[in-house]
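The structure that follows is given in the form of structure tokens.
Lettered A, B, C, D, E and F in written order, each chain numbered from 1.
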């Protein structure tokens, strides 16, 4: 089979409507998200088969979270339950020059209890051909890092592709490990690198600039240090303000450098999860198209995600292809 | 009297709030619409007297639809009722490069039951001086086409003006008639043509380009083939994306070509019914102003409709005149 | 395996909030339901494995319906898609002496297109040990009746239990068949009869009264005429008004008559689907408990359903057992 | 023609959802109401032709109020507009032993500006055969009292029926007239008295008790003092708490005393306007049925109004008749 | 001055609307609560001066919580802030026989960080004449217990009244102390005991029954063991179901036994915080009325709280007095 | 102490959601506002101590208004209550070229009853070091103008700074005084002038142009005529349409002319209160920074206010400083 495996925390996201703050209204909405499950759901919406591994609270909030994953037809059969509460994040969505604000309640969540002994990687990876991980999971706690490492080792042993999105978020990493060292070890078991100059510099201790030439050089050096890495994909965002962004992507696949044109996103609805939408589009694309089209697909997926409220990219494959083909004028689908 | 007569299906429109999809929230809103009744309501909001003829379900949904028309002071006294359900359309409003999506449930609706015998055109047109029709109605079913044709014949016999918006929508026309032939017959009973190069090419089998010169030539050829047509009005839309459009209009009234300047619509709320708002503004304008000002009024009405949620243009005459006069900076009305 | 199979139309239910009418507010909510899928979802919530067979529209409304079934972990792999729209029903929830009102839009729905050739009963029943049907499905159209009959035949051939809820709704049955004859043929392939005096009198042409003695006699006569029937379960509702009901149940299983005590439901939230909750509780109970406890479980499930908005019974097995054990004072679960 | 004429203030009602207080949520809902227009809308919902006379603000709130009346097909052609704001009332709906609270902002409203010269009673009553007034209008201001008196005089001159609901609300009557004297003068032009012991004692300075015998005696004395009065109808409410009432009605029509049975209203949704629903049912009934059935119809109309949010009774004639016939168990209308 | 001091955790309460479950809708509402702050807010609504001491997160959720307390004019000047998240509880409100369900996320909340060194009891109690505590606070963690004990000691030293609501909740008490021992030590510094047979039996290891005689004996024994206790107040609840309760109260003040009549609460809106409303009413009453009227006031306050959504009792003194005086029929306040 | 004193009417603002009109939905939201209290709340959000003086209705709407002010920690102890209703304004928020519309109901509000005898300026200004007033207050009624004048006189006597925002709104000023004369007298007691060319020309009867040179000359002439004025600050807005504005500010402080760069506000959420946010930012800035930085702070505060729904600026000092420092790309705050 060809299941994509994602592993990571599922968070409840609670947010006032529109651009309101919590102090303005006690009517709020919740969604579920988390960077890896966002990727999983997005791939499922493109038509892929996805299994998500996690540890979720055994209360009605956890039941609701799992039903949310089921709704998108994810395989939730290997999710374990815990008596700790589900992690929560509170979000106030900004506008124009007002940034969005996030407050987390995740440090003692159900996922923070995870240990290698709790996940059966043999059965979990049974039907898998792709494993996706991000830098958030190993940043959360020792158990999460060890569980992930074990999974990656088995994935590589089984010859699965492994995509790494080694986002480094300094507010996490509270359990005493050195981020650079931990991430480097995990990247040794990865084949697709989804990250840019910042992530490479962080890993290699280098100082590459944002130029395309430097991007190629940085990618080459990365592949030298981590020979398992076959391809590097970078997404570049420029922001006029919180409501108006431009994105494009570039790649080095060992032999070829390519770059997409800019996509202009003038009226952002919700930018959370847009990076995950890029990764999901890329993974789906690499399984179905050539490298350049995969990157274009990821880029279009990222762009359309800005138009959906919540963490999740609801677009299906046809809708993303349509944007990739240049239909960005928003004409009706009847 | 000087009643404007509209004839066509009334649909229930069901839509999630803002830019959400149905999968995101079970809280939705409904409005009523339909291209001809949209025109009627808009004219009523400008202060015109309007009677709408239709066939509506005889359940509480139909009661609600009629009360919706009454709310805008339309004359609903000639509406007939049917035991079939009211037609419905589901709408997901897009944003930026994401197009809006529509799904119809209308093929066996109450209106699809209409037959010439069900409408008393004599009493219906008694106080009328203007009849407006669109290409949607004859596309729905044989009965609708025949009923419309009968109405148009009587309208012309009574010397009423007849405006035609011969929109051609390929997803309809399922009942076996040739659209070009049917529309041509209806246009023989029309005096004002609201349509552009696409509609004229469709009717005449020609291949005019979008240039102003071609527009004039096409209009002349149209008037030659259909001598009842006195004036041709065309609205042109260019879209940056689903949230940002520009519109302008042009006309040929047999002697004069005129064109409006562009109106820039940067933050679209809802573009459904904006063409109907143009038609309504034009019809109201032609009854109250000269041709050029009527076209400007239609153009301003179209622009302001983009700022109202729902099918309906809520602007009154004073508000449209204000835009026509160049007050587009959105200063407060206190 | 031990999958429960349900077969029937999935409808979109659209309803104003609380006790409002459509004329009062354009803010409405939607759920999905349909008598058989209600039973299926309820059993899934009790922990059973359920597969639902249906024909659903291939638009975004159909996608949302399927995601709704997935949310409750139903097996939706055998659902077929159609280009016709999903059936809809509009509901105004009553209160006190005001009855609820329903208006249907289902006569040309996606499900009405179903034909025996569209369902692969072999694969559909592969893992099944129970088939549940109701009198709504054969009332809709010839294709639905024939498809159901074919499924029942195979189910019996495979030795599955078949529960019948032969509700007779006179507003349906428009396609020209004699209800009594059709239902009788289907009951020949059934083993559990979920229905009361009305349904038996309808089937047998008898005139039994509502007394317990008559219920036993009627059940005996039913079993004589339909030897496949092993057990009869009847739910009795008495209504003070639309907000305050009492329910109890009784059974004849060939050897024993039993009756539950009354359950007093003083503040009804939503009574739609309460009969389906009874059936679901009964089916789940018969697979896990003795006949009397199964009936009690069904009765408690029916009672608690009155407290949930929508068609679906959200209670899990533990929550129903708690009511069955007499915990009806509503103390907190912390 | 047979128009019912109502005359009185239209108020905007603003209220939090459900049983909330303004301090709990900034999400509120508005309706329009006012005792006389409530009667008018209710009669229109029964199928009667109704014209409402009032003075309404000439801003977008006034436009919305008039569109609200149009929605129910009231004749609004004689409504005058004023530059003062529409009257408003704020409502917090109670529950159980918590009473509802109302705060008014009406003392300088558009209606308070009304003067006899503003209403053309000749055209207003042209098609009328019934005039309904209440004790609220003459309590508001001198102009309202004088305008009403003028209307009543013409109504009687034209031989119209005049129903009086002389509710006495002590919080009003701020403009310096003696309520008893003013009401007495108005009742001289009335034919149907809708009121009970309190209202009669207030008018006559008597001390009748609530017994049926006293009711008959009081009615007789009233008719003696005011010979135009032909019939007296009294509605009696007993309250367990704010959520649970009983109502019944009694009448003396000069020759016969009749009394309805109690209607038990166990889960009140909104009790505002229930007295108006009684009056409306009675007026509609007296035009279509005999006195006793008219009173029963009024009583049933009053009861069902308790199940609708807002000031307005949405029930149609068929729905009220059904309750009158004893169908109070709230069975579905499909 | 005469400030009432409350000390305890402030929790964010998140709950779907009405009786929905989280799985039914992603639209939810939040309030703030916590047993001690509920008491404080309620007393402030009666007109008392209240200072609440707590430890609250230093993010925008904490800001919102503090603004919520300010809204009710509580003195929040001594609240300390923490980098841990605010505690949360999720609530699904039951109906009829369906119990409400609660899930907590509080074990590592900002309040759980509290230590005696963080609270300046000298300034905190400066203007205080009453200190109220409950059994929840010492159950949370060692720091909370020690901080509370220190506060009580100072309060008694200053001669303040100390009311104890020693609710024992077995789901808490995870930090290794013996509840009975901890509570006993705290009660040594208390003067008013708000609790019943269960609480007394728990503390004394006795087995008193619920009879009034046993209540008196139990109270006497309690006062003997804890001579600081001057009065004992007990609230008794009997539940027909989750929507329909009865409450009454009884007291022993060392010399006199008194009992209130039953208050019948037929349509419960929200029962969370009703015990806190009783305590608040009692404390306010004891400062303003005699013991019996104080208990009646507490009882009426408890009853009316059942009609407000959220943790908080919004009733003011006048509204509670009105119920106490028997005005429980819910007549309008205009 | 260093309290900022604001004095003025508190209005209830009622508005449909998003860009809807009242005719589109009966679900609306309310906030409280008023130009002076907006300034006060905004300063409180920056960390300042603010006391607001007003006259507010003594009903539950007034209670809610005061709790709203308390929520932002304003000192409400000197607010007086009145039996008249709170002023209300209805707002329909425009979009693109559709202007927002406002309708007031304030002419007989609780504030309109204010008289000098109702405010104790001695205690009110006890802890004040700054008094802010606007041209709205003296425009409302004689009593408001006299009360303000008395306050200003005492403020100056105590050496407080007095900032004047002499906005001239022609729709007010109904009580018979000459605006220019009244404003001039009040400006004699002011030290900071917040206004531009229009306000100066109005006051001086001059005809200065909008150029910077004229601004300097106008400011100089103003300071000559009103020697108490020390500094003049002007905010300039240019509007592409109702959704897209640019703002900048300029100043003359007697010795120096400075100007800020343009801030581009591309997706306006709500522009009400943005001028008040500028004034608040300026006042806060002048107490904490130099003149130029104060103006920049005011300008940034004004800009960010456009992103908050309601009258109030929710930004805190840190958030405004961040924009002032050029962080206008809207990156997340985690």
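Couple of notes before you dig in:
In this text, a residue touches a chain if its C-beta (ideal position, glycine included) is under 8 Å from a C-beta of that chain, and two chains touch if they have at least 3 such contacts.
Everything quoted here is computed from the prediction, not taken from an experiment.
Counting steps between touching chains, the shortest path from chain B to chain D takes 1. Chain E is reached from chain B by a rotation of 180°, derived from superposing Cα atoms (nearest 5). Interface comparison, C-F versus D-F: the higher count of C-beta contacts falls to D-F. Averaged C-alpha coordinates put the centre of chain D at 45 Å from the centre of chain E.
Taking each chain's centre as the mean of its C-alpha atoms, chain A lies 42 Å from chain C. Along chain B, residues 18, 21, 23-27, 29, 67, 71, 101, 104, 267 each make contact with two or more other chains. Note for the complex: chain A touches chain F at residues 18-21, 23-25, 94-102, 104, 169, 171, 239-244, 267. Every residue of chain E that touches chain F in the complex is listed here, in rising order: 67-68, 70-73. Within the complex formed with chain B, the chain E residues making contact are 24-27. For chain C in complex with chain E, the residues that touch the partner chain are 18, 29, 71, 263-269, 303-304, 306-310, 314-315, 319, 322-323, 327-334.
For chain F in complex with chain D, the residues that touch the partner chain are 14, 21-23, 26-31, 57, 59-61, 63-64, 67, 84-86, 88, 90, 92, 101, 103-105, 107-108.
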